[in-house]
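Chain IDs A, B and C follow the sequence of writing; residue 1 opens each chain.
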């Protein structure tokens, strides 16, 4: 594959991931609303029609794989192009973020794996699988409530409590890891979002400054948005903190 | 005119030939006029070495006024040294401190192997040019020069790209030893001009392929090249190359040539 | 020595057309059988190699830099002339022809110069078509400026990098031919001899500068386009690697050397700062449009800060001596005036080797009159360059300038077809003597290089090749004894150089030669200065061959060996330059003999005796060379005296 081919793949897969991350964060911020919001939202996603969930997952998986494989090729080839380094190696203007993409990326990968095991498959805390809660009818914006009504179910997986407990003080190290990972995401994207446009040739001197600034703003917003949740969980200051169910008094799923 | 003179410690990369291992050797050089250029300082080092029967340090140079692109050298970790928008031959000793230790290394990149000491082989740049860095126009067959007006804006932009002196500092500065700034500049100069249009996309593909074939690294948009470039060649030209190459590939795909 | 200039008969305007119509041609299918060696990849050599490759000949091109793109043509800043008359200001081929002959002080051939002016227009067409980004006006048309005192705006330019852009155009054409396999390029190869088989040039010997290998190359014709020899003065505006070697070795093999004493000094260079200096930097002459040149009246003021020298103690010597032209007096005149002032002990700047060599170029009045902004807009980059080199701010303290050797009009003698006195050996660009007479006009060297390379040699060389039957083409055997002899001679001289192992570095010997040349053969020459220069050069040459120290051997990249070889040639050539200067008993263009001047110090030509070309034949190192004369016939132009009072 040519050097530019790899650039395009990095940019396109990066763009997909950025799009996902922005949407994901917006979804996650429902943690600051009534539990119904995020629970209904999660339920809706789980029950998308036509296997849409899996299509999206496959696209994301493809993007992640393409991104990682290409990144590895880049790293290997770039090492080969400079077999002997400088004895004095002083960057002139390169940002820390741009020089550490490969490191921030690798840690992000580790994070992504953990994150999936943590909240998606819940292998980290299998007991989370048993958290259920009836919807109270708040936050019908997703239409999830109606969906549920139609099926006659009234209990859904209590994502709200799962996240709140997952980030609670007893698991302080997990929250810390999340915050650090989000810091790395910030680093990665503060360079990546503008870089993407350069890679596909949609940037020039004027737009470079704008895009660099925009990248910074988006990366900060993502960091604040994402990190606020583990932080709030850790400090126990979610607005509906009192509605968090303890793992010890879980409701068994009610069969209709 | 400065009065005081400098005493320096020079940590210089010495390597007998392409196959021999290299190492740093430190030399003391005294009484250097702050008005001398960096290369004149090296001339004096060589005079001192010759006087003591040692072999002088080999380095490339010719015009000594920042235009031929011969001089190279990575000085204290920066290609062409710390002066912005200037070549090694334009760097003057007044920007160094008395007693300073200066580390002088060759440009380092796999496609630029060391020939001796600080001299490297930059022929891969010529190879990139031979692959497509030209307009296919027979000598003597041109129409009147003013028959085709070119807006001042376009001409100026092409000139910005054309200012590249082919020194290789961009490759030397890039953590990935990528040659995209050079290739982007050379390609964009021609792709911007109306005369360059007929071969625009063929040129994009051929030059990029030659760049890859010569073992340069991949661009990760870090921008060290632009900062080290003595002629201030802009990253914009890399973006232009990226775009032209993408369009070229798409065109080629739909034309069935794959 | 056969010095028939072979200028075609007929009226001036028809000569080139007639010549082209009568030239022999080589059938396109046969061209690949013919091979040509081109030494040099500048505008002249690179242009010729590209053009000949395009025509289908097998070309080998050599240069000593690591890439053909670095030939010294790259350094030209100002611009290139062409008789396009795009400005509608009365220019024409005839006017450019006339200006060039007059500017050359009537020491060049009408036929050659007219052809130069004639093809100048095609050069611009060609360059633009190749993608040279010349400066343009808002309407999209090419921009021009007036250069070097010309009364028309005929100079095309590309920012301050005209030479670079033109050379890159040539390099790109050349690259294309290299990619196609029509031209084989040999970088880091230095030509060290021409090989003559039965008196006809059939090849060269080179040294591979990376591994020291001495190699033989054969071809049906050889072109030398190796540039000028200003570095005989050591300090000059030319690139450090510039040398006379290729031309000199051809001369030693029998090629006549024409007018070596015609050298050009440029008035506005940054003065030498100290003994460490390796080159002098040229600053655009345009500075003289707004700067005023002066020196202190009193010697005691020379070391002072110029601010502290009151107006009445300043000598605006150009304005004083040449009231009508003032600070814009021509290159040679202003250069000499500056030298005289310094000779009187009124120079300024640092003391180098016991003297202050520099005069002020003061912008104080211009800044007062026009404001600093305007001056910054006009000359900002030059002021920056000056500050970078000298560490001084020219807005606050007057610039210091001094003349420096810049260009050499003399070179290998060639006929109208650019063939030297050796059959099959051609010379082009600054390496030949052909078009500039005793003085070159600004922006005309680039024009000549491209004319020779793109538009003249492709015809004249084809004509020569056409005289070789296709059956004999490319049949030169590099095992011929002539090749073996030449190779052995080169090996011997390289071996000798590295084995001397004396005590003196090549650079210091070059510096010593430069001092002799600059002081005695520089801006002003006299019988005494030239005779003593010859003695000193001989002594220095003797010292060189006994005492030069070249560390390392011949079979590796050896920068001191390269330098020493060039210095050795300069040491022989310098003597020829002096003989020519001594022989030419007149002042003319860049050649000023103090014996031949008016009371006010104006040059006095002697057209009755010297309206001709001096062509020298080599008779052995240390022997007086033999002079031949090619008379110059002026059929269209009347000789006149220049006056700038």
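Operating definition for what follows: a contact is a pair of C-beta atoms (placed from the backbone, for glycine too) under 8 Å apart; a residue touches a chain by one contact, two chains touch by 3 or more.
Bear in mind the structure is a predicted one, so any value in this text is a computation, not a measurement.
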{"item": "Chain closest to the assembly centre - both centres taken as Cα means", "value": "B"}
{"item": "Contact-richer chain pair [B-C vs A-B]", "value": "B-C"}
{"item": "Whole-Å separation of chain centres (CA-atom averages), chain A against chain C", "value": "67"}
{"item": "Separation of mean Cα positions, chain C and chain B [Å, integer]", "value": "27"}
{"item": "Gap in Å, rounded to a whole number, between the CA centres of chain B and chain A", "value": "41"}
{"item": "Where chain A touches two or more other chains at once, by residue number", "value": "none"}
{"item": "For chain B, residues that touch 2 or more chains besides their own", "value": "none"}
{"item": "In the complex, chain C residues that touch chain B", "value": "47, 50-51, 54, 65-70, 72, 74-75, 84, 86, 122, 124-131, 133-142, 158-159, 161, 163-165, 168, 171-173, 175-176, 178-179, 185, 187, 210, 239-241, 273-274, 276-279, 281-282, 349-350, 388-392, 454-455, 458, 505, 507-508, 549, 551-552, 556-557, 559-560"}
{"item": "Complex interface listing, chain B residues touching chain C", "value": "1-2, 16-17, 32-37, 39-41, 43-44, 46-47, 49-51, 53-56, 58-65, 67-70, 86, 90, 92, 94, 115-116, 119, 121-123, 125-126, 129-131, 133-146, 148-152, 155-156, 158-159, 162-163, 165-166, 189-190, 193, 195-196"}
{"item": "Touching residues on chain A, where the partner in the complex is chain B", "value": "2-8, 74, 77-78, 80-95, 98-99, 101, 191, 195, 197-205, 208"}
{"item": "Of all residues in chain B, those that touch chain A in their complex", "value": "11, 24, 74, 76-78, 103, 105, 108-111, 173, 175-178, 180, 208-209, 211-212, 215-224, 227-228, 234-236, 238-246, 249"}
